[in-house]
Structure formats: structure tokens, C-alpha cells
Amino acid sequence: MSSMTTEVIDHSTQPEDSPALRALYKSFEEEHVMPLWTQIGDLMPLHPKPKAVPHVWKWAKLLPLAEESGRLVPVGRGGERRALGLSNPGLPGNAYISPTLWAAIQYLEPRETAPEHRHSQNAFRFVVEGEGVWTVVNGDPVRMSRGDFLLTPGWHFHGHHNDTDQPMAWIDGLDIPFSYQNDVGFFEFGSERVTDYATPNFSRSERLWAHPGLRPLSGLQDTASSPIGAYRWEYTDQALTEQLLLEDEGQPATMEQGHAAIRYVNPTTGGDVMPTIRAEFHRLRSGAVTPSRREVGSTVFQVFEGKGGAVIGDVEYSLDKGDIFVIPSWVSWSLWADTQFDLFRFSDAPIMERLHFARSQIEAGRR
Amino acid sequence: MSSMTTEVIDHSTQPEDSPALRALYKSFEEEHVMPLWTQIGDLMPLHPKPKAVPHVWKWAKLLPLAEESGRLVPVGRGGERRALGLSNPGLPGNAYISPTLWAAIQYLEPRETAPEHRHSQNAFRFVVEGEGVWTVVNGDPVRMSRGDFLLTPGWHFHGHHNDTDQPMAWIDGLDIPFSYQNDVGFFEFGSERVTDYATPNFSRSERLWAHPGLRPLSGLQDTASSPIGAYRWEYTDQALTEQLLLEDEGQPATMEQGHAAIRYVNPTTGGDVMPTIRAEFHRLRSGAVTPSRREVGSTVFQVFEGKGGAVIGDVEYSLDKGDIFVIPSWVSWSLWADTQFDLFRFSDAPIMERLHFARSQIEAGRR
Amino acid sequence: MSSMTTEVIDHSTQPEDSPALRALYKSFEEEHVMPLWTQIGDLMPLHPKPKAVPHVWKWAKLLPLAEESGRLVPVGRGGERRALGLSNPGLPGNAYISPTLWAAIQYLEPRETAPEHRHSQNAFRFVVEGEGVWTVVNGDPVRMSRGDFLLTPGWHFHGHHNDTDQPMAWIDGLDIPFSYQNDVGFFEFGSERVTDYATPNFSRSERLWAHPGLRPLSGLQDTASSPIGAYRWEYTDQALTEQLLLEDEGQPATMEQGHAAIRYVNPTTGGDVMPTIRAEFHRLRSGAVTPSRREVGSTVFQVFEGKGGAVIGDVEYSLDKGDIFVIPSWVSWSLWADTQFDLFRFSDAPIMERLHFARSQIEAGRR
Amino acid sequence: MSSMTTEVIDHSTQPEDSPALRALYKSFEEEHVMPLWTQIGDLMPLHPKPKAVPHVWKWAKLLPLAEESGRLVPVGRGGERRALGLSNPGLPGNAYISPTLWAAIQYLEPRETAPEHRHSQNAFRFVVEGEGVWTVVNGDPVRMSRGDFLLTPGWHFHGHHNDTDQPMAWIDGLDIPFSYQNDVGFFEFGSERVTDYATPNFSRSERLWAHPGLRPLSGLQDTASSPIGAYRWEYTDQALTEQLLLEDEGQPATMEQGHAAIRYVNPTTGGDVMPTIRAEFHRLRSGAVTPSRREVGSTVFQVFEGKGGAVIGDVEYSLDKGDIFVIPSWVSWSLWADTQFDLFRFSDAPIMERLHFARSQIEAGRR
């Protein structure tokens, strides 16, 4: 093999065509077997060659579609959610943003309710703008406000209702493609309405769990997913602000120069919030550029605030508030910031790490 | 919704057709989004509804195909292996036995060598009959004999060579479909030949690690996969024999009455041999019937010895030596034994457990 | 043996005295051996029979001793700390509050500095009243204020300085007896002064780590001890307040009726703050009585606020602000509250749990 | 402080004597407090300064004492065991070989039974010579033969009986000093006789668990201690033999040149056999010398076979079969072999590691 090898298969070594070979191949079909030697090039690439492609969805385009859906499509039992799944152009026919992840913009008209259900799929919501909706998780009403990250882990009942006279949009993230592909999903209907229309400022889950370094003695059992229902923007913002101030003071606090970042974690373990989904928030100082990275697994960002861009593979993308983009497995990416640049991120990294497929590479920054 | 609900979607609640709706749907396509409300029935079933179907491959049919492949198809660099992947009839176009697992019969002619390579995909071999091949794993030659279970965990170099004048067949199990679907695979070529043509009775890995309850002080670091290269039939048989004798003595030792079973484990952790694949060996006494089970995740059995059968879903299958069958996610199964009945089993259970999707149900036995 | 057995040894079964036996016993001494049969009653009791006894130290007595020490005893290199260790009356000759734990009142005069050092022993401070001292931990100045719980885990450099014109007292907790008994301690001198006399409101450790459910990406490595230098009273108070409010709303949040409690935890793992010491804060509603408990391991409480009492073994003790009491292993205890009653608690529970010696029993409340 | 500092305390900095100081010190006594500044030198040494000392007990002296005890001292309920505890000369008045560990020679006359009991203390036996006794652990009779390592983990019932007309001696190892010091021990009597006088070659625990890399499906729950009742000499010897053969072949297998070693492990976790005690077996080639090591925690060796010696601290000891020696915490040690030299070892290392006090140092070999 030459050192220029770009795929595993060597077509010159395939068996020569013959009636016997054709007969054999026909027998394969009858017996439901397929030879490895004809497929190995596709099946076992030299490095991940995702069918999914990098793509940016502009918020300025998404939001009007959600609004028009609000006008035309009712929300209720049977359709369950007014959600528009982002469909990776490389994975046509499915609303999969990557082979593992689902990302959607969800929309509720004033005073609407999305009925309760539960499913094995792990879900979260992130609020890029707006307020007024409460999500009710296992009976606990959770306020949704700008910058908040909210959890509905697998098999937790949840519904949403808009308590205001304004519509509200947000993004949902789930492991639907992974669950579908691997046949792991259960689904159960709950109440047609949400079970509690109260609109408290803080959910019971936060009141019990969102105290730094403090664990209730009523909650000593570790849980697969975080018991915190909402990670409030106020805390996220403060943590990132402090990291950059510490960096100013010469302290090791940021991920790299000019790049603050936190991971949302399960306080019972210090690990990821849900078994399949990692969630983080990143802040770049104006002018910062991150090194180019690539990682096994797919990741999605949404711009929360500020202006900047991303180099994904070989392409540069300018990014504005609300824009959502996906980076497939082993595609390199780098971010740059024209202003202070805030981004929410989620990925399938827990899958990769728990199954020992994680790998990453860092190169020097670019642009 | 009625209590007879069999799917999540309720088509009667879909939005009414209109020019505006059609325009909206067209915009969805342009912007690469898809509505959840039209797809949720398929995407989020009430319980796993695998596309994969139960299927039995008869050894009496497979082996001749492998033999004919031996006559017609060379083995070497570029095709890499003379392996026939079992293709689930519900997953046409791929040699996937399930959405996560690959199972193949591999075949080496006398004196042949399959060249070395390594890949992220985890692999094992199980030998239902025959002997004479050595698999060389990271330079360590491992004898392959009847009843042996052999490991080539992810990113370990491996090649095979037949040291005899007889051909040999065995089965390979890998996580190729999972790796392909999730874009995690790397591949690297090694030597064109195997790096060591020695034919020792026991591999170095066994000599260092296969001592019950004893860990070398040179190996105190836990490893993601088992360091044992071969789990010998002699030990497996003995462990199962003892379980049934203990049961005869009234001791709790078997999994259930008349059903002995062992799991192959990583001695550094007591857990599964590889991060994505569980492997076990089951022995039923003549006349035993197991309760009907179903589990999230897919599983594959190969009959090693004896006669019996399986009820999978609603269908009964008679089983003979070497027969391979697959049980997709959440399909019920039960085994019965007409003689002492020995079966090798592998599954994707570590994926399900590590990601907290595992569920199971046991009902009374049937038949 | 009768069912009334109260100790293991049965003196009637001891060997009969004889010249040969006396000669044998003399040989034992010469060869440095001792027979089990004469000692087993003491060595292996039917249940833990601690030499340590329950005891209450009254703050009203302790504080004047600390103040007088402030007048008479300098603080500096060689004596290291002006600390008065509480000496369990059952363990005479040592300042051990229990076989595993050390508790002391430490005192700094205005403008004094206690020099820096580090040691294997894990240490914390808890502030029952006062303010004005900063403890500098690995160069990070940490404000000490009323109600704060502060960490100096093993092998972290630390010194203290009083930035005010008022003296300040607090309590120290360490695992000195355990470390001494088991010969695990190392000690190293640091700066004669503290390395940083800054008096920030919040330490760098808090700025980086004390955000609920948020983990800095610069701190993804788990640590044996918590990276949070100070657990502030404001958060502790709020967490306890919320637990009682949730209880009022009928939600499961408290440890038991009228008894709120939090454990201080390491955010990288969700587990105890240090490998040998557990720390908690308990709040009883006025009128609440806890069930009688006993546990393997020793525990120490300090009253932070309010009035109430404890039944320890068979004795009732009235308790006031600042009072410190110890409960030895397997001695039953119960608390009652005459007002809202706040108590700081620490114990050696991580030792017992990690070594699988933990056991506990709960009986009905008493008094 | 000078750089020659050898202890923490500096007596020149102690407060000056005065009537006021004397009055203060008297008040300390009355209030059960003790100042740190007078004790810190002893309490917090610069490195571990164990009271325990290195010591060798010669088997040639121990065995006759056990034999004479057999003649003079009955075994039965109330004294429980005919065991002679090795008493560290540095820890007078106790049969403690170190602050954490107990080691004893136990002796049974022909046909004798030591009655059943259970206790929190973890125990093992190691057989340097002889055979004919069965230990019955939770009803499972376990043959004791030369070279075997046998477990009776905490709270397992156990008794012993000699089925032959020959006496038998062996060593016991327990965590009695640790348990006593920390008040963790419970004790319960069982049968006056052993519950099963059968004398099978292999215990049920071995038949179920002692198969390399194979775990029974009836035993998927991890256990705090190993479920294997006996680790047979045959396997230990084979594992060590293979390590040295692999070393001969140029493979990495031994701990260091000429020094093979295995750790006995719990097959459910790969970790230590019991929560407080580590056990290993070491084999040196004739002529081998190990580097000088020191470790936090105490360790005990017994020579099983061969001749050699140890340098402990600064002293050389010649060692013969059966000799037992203890190395206190942080005392350096090195072994040399005059013949092939086999040693059994146990230590409190799991305590040190689980509580994060472990440290070690390796220097070049000596002698």
C-alpha cells in the first residue's frame, strides 16, 4: 500500500469476476450474508468520515418559520410539540442534526399548553431569548428565561405552558437519533394539560439542589442525571465573568487565553448532566481566536450573544445571535470573536467517553 | 387518546392542509428543518420497534459459503479479511446483524495469513469448531481452538495465520454498525504478514493474566478492555459444570433452575471484556426451559453444542450446532434444551448500561 | 454461652495455672508474642466499646481560655498555632476529641499572623462568631466570617492573619489522631508570614468553583478534596431555609420532619469534602426532636445558633451557642430544639464508609 | 528555622513560665483542653515516626511456642482461638504487629475444633506448611494446605477443625488494632462446632468463582471483599513461574528485574481482597536484590520458601522459611535472595490508598 492510502479497501485485490463468484454472491443474498471485502472501505474508514456535514442555521430564518408554524399548526396531544427539527443536509430525510443528536426550535403561542409525556430520550432546553413559559418536570414547574439551561432527563414527565400574552421560542436538544438508531426508546403519555400551572420564580429542584457545594441529606443517592431542573443564566454569566477576571489577575482559570468556559454538571457526581448529552457555555473575549480542534463525536453550538464566527473544516462562517451550527465527528473547528462572544454548546461526548471512543486533536489557531 | 394507543402520533390532530401550510412545509425544506409533529410516531415509539428482525442463520448453510469463498476469494491487504457478515433481513443493504453489532464467519485456507491492522472497532472471535489458526494481537500469538473466546479490543494490532494444512472457520463479533453510525472509527494498516509466526500453546497475555484472583504487580493500571487474549474452553466448561453440580447440591450457583451461565470479564475491573460488547456462555440442562425475557439492546447467540431451540417473539426455531441467531431490542426470547445445550452469547449490553438505557422484563417460560 | 453474654471472653475456659503454663507465658514475653485467649474480651467486644466518652465543652468556658492564651502565649514558627485541643476525658493525656478526630479553638490577636505550613493531616475551620481573619491556602486568601466553613485539605500550604483590631476565635477540625495513630503524617514549613496579605471578599477558589452545578473547563480533573476554599454561611442558610419551606409545602426535602440538613461536598465528585472528614450543617425547627441514632464512628457538633439539647447515651445535655460536643462510636444520640436550632457537624464517616465499617441504627425519638 | 530542622516544634518559642501561665495551664486541665503548641512536635512530625519498630520473628522459635500452647491451652468457646499474636516491641502491652495489623500463629491439635464466630474485623490465613484443617466460612468448608491464602472477610461466620491426627499451624492476619483503635468492631458467636465437617478438596466459593476471567451470572453484584475463599498455591506458583519465564523471553511481566509478584484480588472489582488488607506473593530469583523502598503504612512478610534477607532501615536480617517480619510506616526496606526466595506479604495499603495518605519512595538497591 502506498503511504498515500486514503481508504482501507484496495479494489485491485478484489476477486476476479467469474460465473462461480457470481453464483457465490447470489448465494450470499439468499442466505443473508454479505462479504466484508467489498464493503470494508466504507465501513471502516481510516478516520471518521461522517455523512453529516457542517451547517449553520440562521436564527433570522428559523424564528419566522416557528412563528408561521404558530399560526398554522396547533399544539396538543398526538403531535405533542410544535418543534422544528434541524435536519443535517448530509442526513436527508431525517430531522437529525447529527447521527446522535436532535436540535429543534420549539414555539408556544400565548397561553398555550404542550401536554405532558415522558420518554427514554434525554432532553434539555436552552433559551436564547424571551420568557414566560414554564416547563413542568415530574410535577415541578420550572421557569424558562433568557440564558437558562433546563433539563428533562429520560423518563421524566414534562409539559410546557405559556403563561403570557407573548409567544416564546427556545431550542430543544435530545438524543433522538441515537435512541432511534439503537432501539432504546419508550414513550408514555401523561396529563393532557400540565399538572401544575403555578409560576414560581424557582423550581423545587433548584431550591433543593442549586446551592454551591451543598447537598441535601434527603438526596444522598447519586442519580444518573442531574437533579437540578434549571441552570440559571445569572450563575453562568457570573462564573464566566469570574474566569476572565481571574485570567486578568494572572490566575489559571480559563480554558485557554481569552476563552472562558463552564460545563453544566450533575451535582451528585460532578459528571455530565445526562448520560448521553454534555452541555457547556463558552465565552470568548473580543478578538480571541481558539485553536483548531477536532474530536470524535458531534457537537452543536448556538450563539447566545455577540458577533464572531467559526472555521469548520475549511469554511468560514459569520455568526450572529441565535445562529445554530453543527460540527460532525472529526471535523476541525475554531471560533473567533468580533465582540465578546457567548455560545451555548452541547454534544454527545458522554457517549464517546463512556464507550472509550473519545479522541481529540488540537492544532494552532487560524484565521 | 384511548387506552389502546399503539403509537404516539394522532393523525387526526395534524394541521389541516392549506396553501399556507404547503408554503410553510416548502420553506422547511429550504431551510433544512423538519417538523416533529409529522414524524413523532416513528421517531418516538411507545416501546422499541426495531427494524431489525429475529433471524436464524444455519451453520450448515454458512460453512459451505465460507468454504466456497475460500476457493474463490483471496485474502490479503485491501480486502483484509475473508469474512461473511450476517445481514439482518430487516436492515437490507448492510451486513449488520443488528443496529449495533456485526457478526461474521471468517475463513482461512491452509497456511494463509490475514494481514495485520488495527481499528477503533472492538472485536472478538469465537471458535465453534476447528483449530490451527493463531491470531497475533499486538505481537502476541494466540492459539485459536474449539470453544475459545478471543479478544482483539479497539486499536490493538491483529492478524491471523493458519499454521496447518486444514482450513479453519470461526465467528467474528464487532461493533462495526455502532462505530459506523456514530462516526467513531479509525483504521491503520500494520504488517502485511503477522509479526510473529510462533505457535505457542498459551499467549503471553494468558500467562500473565489468566490466573484466578491473581493480578500481576506489573499490571496494576486498570484497562478499558480485558488484557486476557484468550478465554479457554477448558475453564468455561469447568465453571459451567461446577455451577450445575452446585445446583445439584442445593447451592445457589446457577442463573435459574437448570441454567448455568458465565460472563467473560475484564480481570482489572470485574466488568465487561470490552466497552461496547458483553460476552457470555450459557448451558442448559437437557429439558430445561428458560423464562421469557426481553431486554433493551440486541443480542446474538451461537449454538456451541447440543440440540434445542428458541422462541423469539412468537416464533419457534429449532437449533443445531453452529446456528447463529439474533434477537433485536425488546423482542422476547426463551430457550429450551432437548439435550445439554451450550450457547455462546454476545450483546451490546455495556452500551445500554453505561448510557442508562437498559431495561428488562422476565415472564414465565413458555412452550 | 448464655444469651446474656456481654463479652466475648469466658474466663472459666482459661487454661489452668501451672508451672508449665507460667513458663510458657514467660517464653511468650521473650519472643514478643501474646496469646489471643487472654485478651479477646477487650480486643474484640460484642459491639464498639469506645474509651472515648460523650462530653460537652461550653463555649462560655472555652472562649475565656482562648482569650487568656492570647494574652500569654505568642503565636509563631515552632508552636505554629494558638490552638486549644479539646481532650476527650476518656482519652487522657492527648488532645483527642475522639480516636480519629481533633477539635480545637484557635485564636488570633489583632494584626497577628500564624505562619504558613502544610501537612498530610486534613483540616477545616468553622466560624461560630467573629470575622476579620483571612486564611491563605496555597496562596489564595480566604475570608473567614461567621457561619463559614473553610477547607485546608492535606498538603495544602496555609497560614492565617488577622487584618483587624479585634481578636478572632474559631474552631479547627483535623484528623490528627487518626494520622498520628497510623503513622501517615508529613509536615513542611512554608513562609514565616502568609504569602498574600490581600483581603478579598471572595477567594479565587470560590470565584472559580462556587457556582451551583457549573464546573470550569479548566478544572475537569477530579480532586481528592474539594477545590472550594470557603462554603459561605449565606448559601448554607439559604439551603436550609428552602428545605424547611419545601417541607411546609408538603415536599420531600428535609432529612426528617422538622430537621433540615446539608452536607458540604466536593463538587468534582459529589462526595465528602476531604478523604477522612465529613462536614454537615443541621437545622431543627423549634420543638423538633430527632429520632435516636447510633453510628459506627465518632462525630462532633458545635451549636451555631439557638437553644436546645442532646440526649447522648442516657444523659441529657442543655446546649447553648458555641457549645461543642462529641459522640463516640455506637453511642446513641438525639437532638431537641427549644428554638430554631442550628448546628455544625463533622465526623469521621468517610473513613468508616470507605473501609466498609459503617453501620447505623435509628430508634424512635426520646425525651 | 534552620534547614537542619528535624522536628516541627521549636522549644525556644514556647511561652515563658509565669504564675499566670501556670494558672492557665491548670484551667486547661479542668476544662479538658490541651494546647497544640506544647505537643505539635510529637503530634505532627516532619515525616511518619512510628513507635512500632522493625522486627523479625523466627519461625523456629514461634512454632515450639505454638506446640507447647497446644499441650497446655484448650481451644473452645470463650477463648475462641489458640492464637499467639506477634507483639511489636515498639508497641508494648498489645499484640499488635503494627498500629493497624494483627499477625498471629494459630495452632490446632489433631481432631480439634475452633468454634464458629463472626466479627467486623477482616481476617485471612496463610499456610506456610502443613495441611489437614478445614476452615468453614459461612457454612462453606475450605481446605487449608501449604501455600494457600484463605479469606474470612468481616462479618463472615467461621470456625476451623483439624480432620487429621497431626497438629497444624498457620498464620492469621487481621485488622484488629485498626478496628480496636477506631471503635468499629462487632462480634457474634456462632455454632460451638463448625456447621459442616465435610472435607471437600475445593470449597463452593472456589467452584463458583475461581475460574480466570469468568464471572457467574448468579454473582453480578460487586462485593466489598472477594468471594473467593481460598487462593490455591498451585495458581500462585504458576503465575510467578510464568512471570519469570516471560522475563526470560524479554517480555515486561515482572515488577522489576528478577522480582515476580502477584496481588490477590477480588474478582468482582479487580481490587484488594478486603477493604483494609492487601495481600501479595513475591518471588525473587536467586541473587536478586530489590531497590530500597519506603511506603506510608505498615507491611508484614512471611518467608514461604528459600533463603535470603532484608535490609530494614539500617539493619540487615537473614531470613529462613517461616520467618515473619514487619516494616513500619516510612521505614525503608529491600530484599535479597540467596536462593529462589518466596515471600507472602500483607499490608494496610488499602486504608492508605482509600484515604489518600499513600506515598512511596524508591531508591537504588543496596547490600
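All chains are identified by letter, namely A, B, C and D, in their written order; residue positions are counted from 1 within each chain.
Basically, contacts are C-beta pairs under 8 Å (C-beta built on N, C-alpha and C of every residue); 3 or more make two chains touch, one makes a residue touch a chain.
Note that this is a predicted model, so its numbers are computed, not measured.
Note on connectivity: the fewest steps through touching chains from subunit A to subunit D is 2.
Chains that touch both subunit C and subunit D: there are none.
Using mean Cα coordinates as chain centres, the one most removed from subunit C is B.
Subunit B has its Cα centroid 30 Å from the Cα centroid of subunit A. Centre-to-centre separation between subunit B and subunit C, using Cα means, comes to 52 Å.
Once the centre of each chain is set as its mean CA position, subunit B and subunit D turn out to be 43 Å apart.
Residue positions of subunit C touching 2 or more other chains: none.
Pairwise, the chains that touch each other are A-B, A-C, B-D, C-D. The residues of subunit C lying in touch with subunit D in their complex are 1, 5, 8-15, 18, 20-21, 24, 27-28, 31-37, 39-40, 43-50, 52, 55, 57, 61-62, 65, 68-69, 71-74, 76-89, 94-95, 99-100, 104-105, 117, 119-121, 154, 176, 178-189, 224-225, 275-276, 296-298, 328-330, 348, 350-352, 354-357, 359.
Chain contact summary for the complex, subunit A toward subunit C: residues 204, 207-218, 220, 222, 226, 228, 231, 235-236, 238-239, 242-243, 245-246, 249, 251-255, 261-270, 273, 280.
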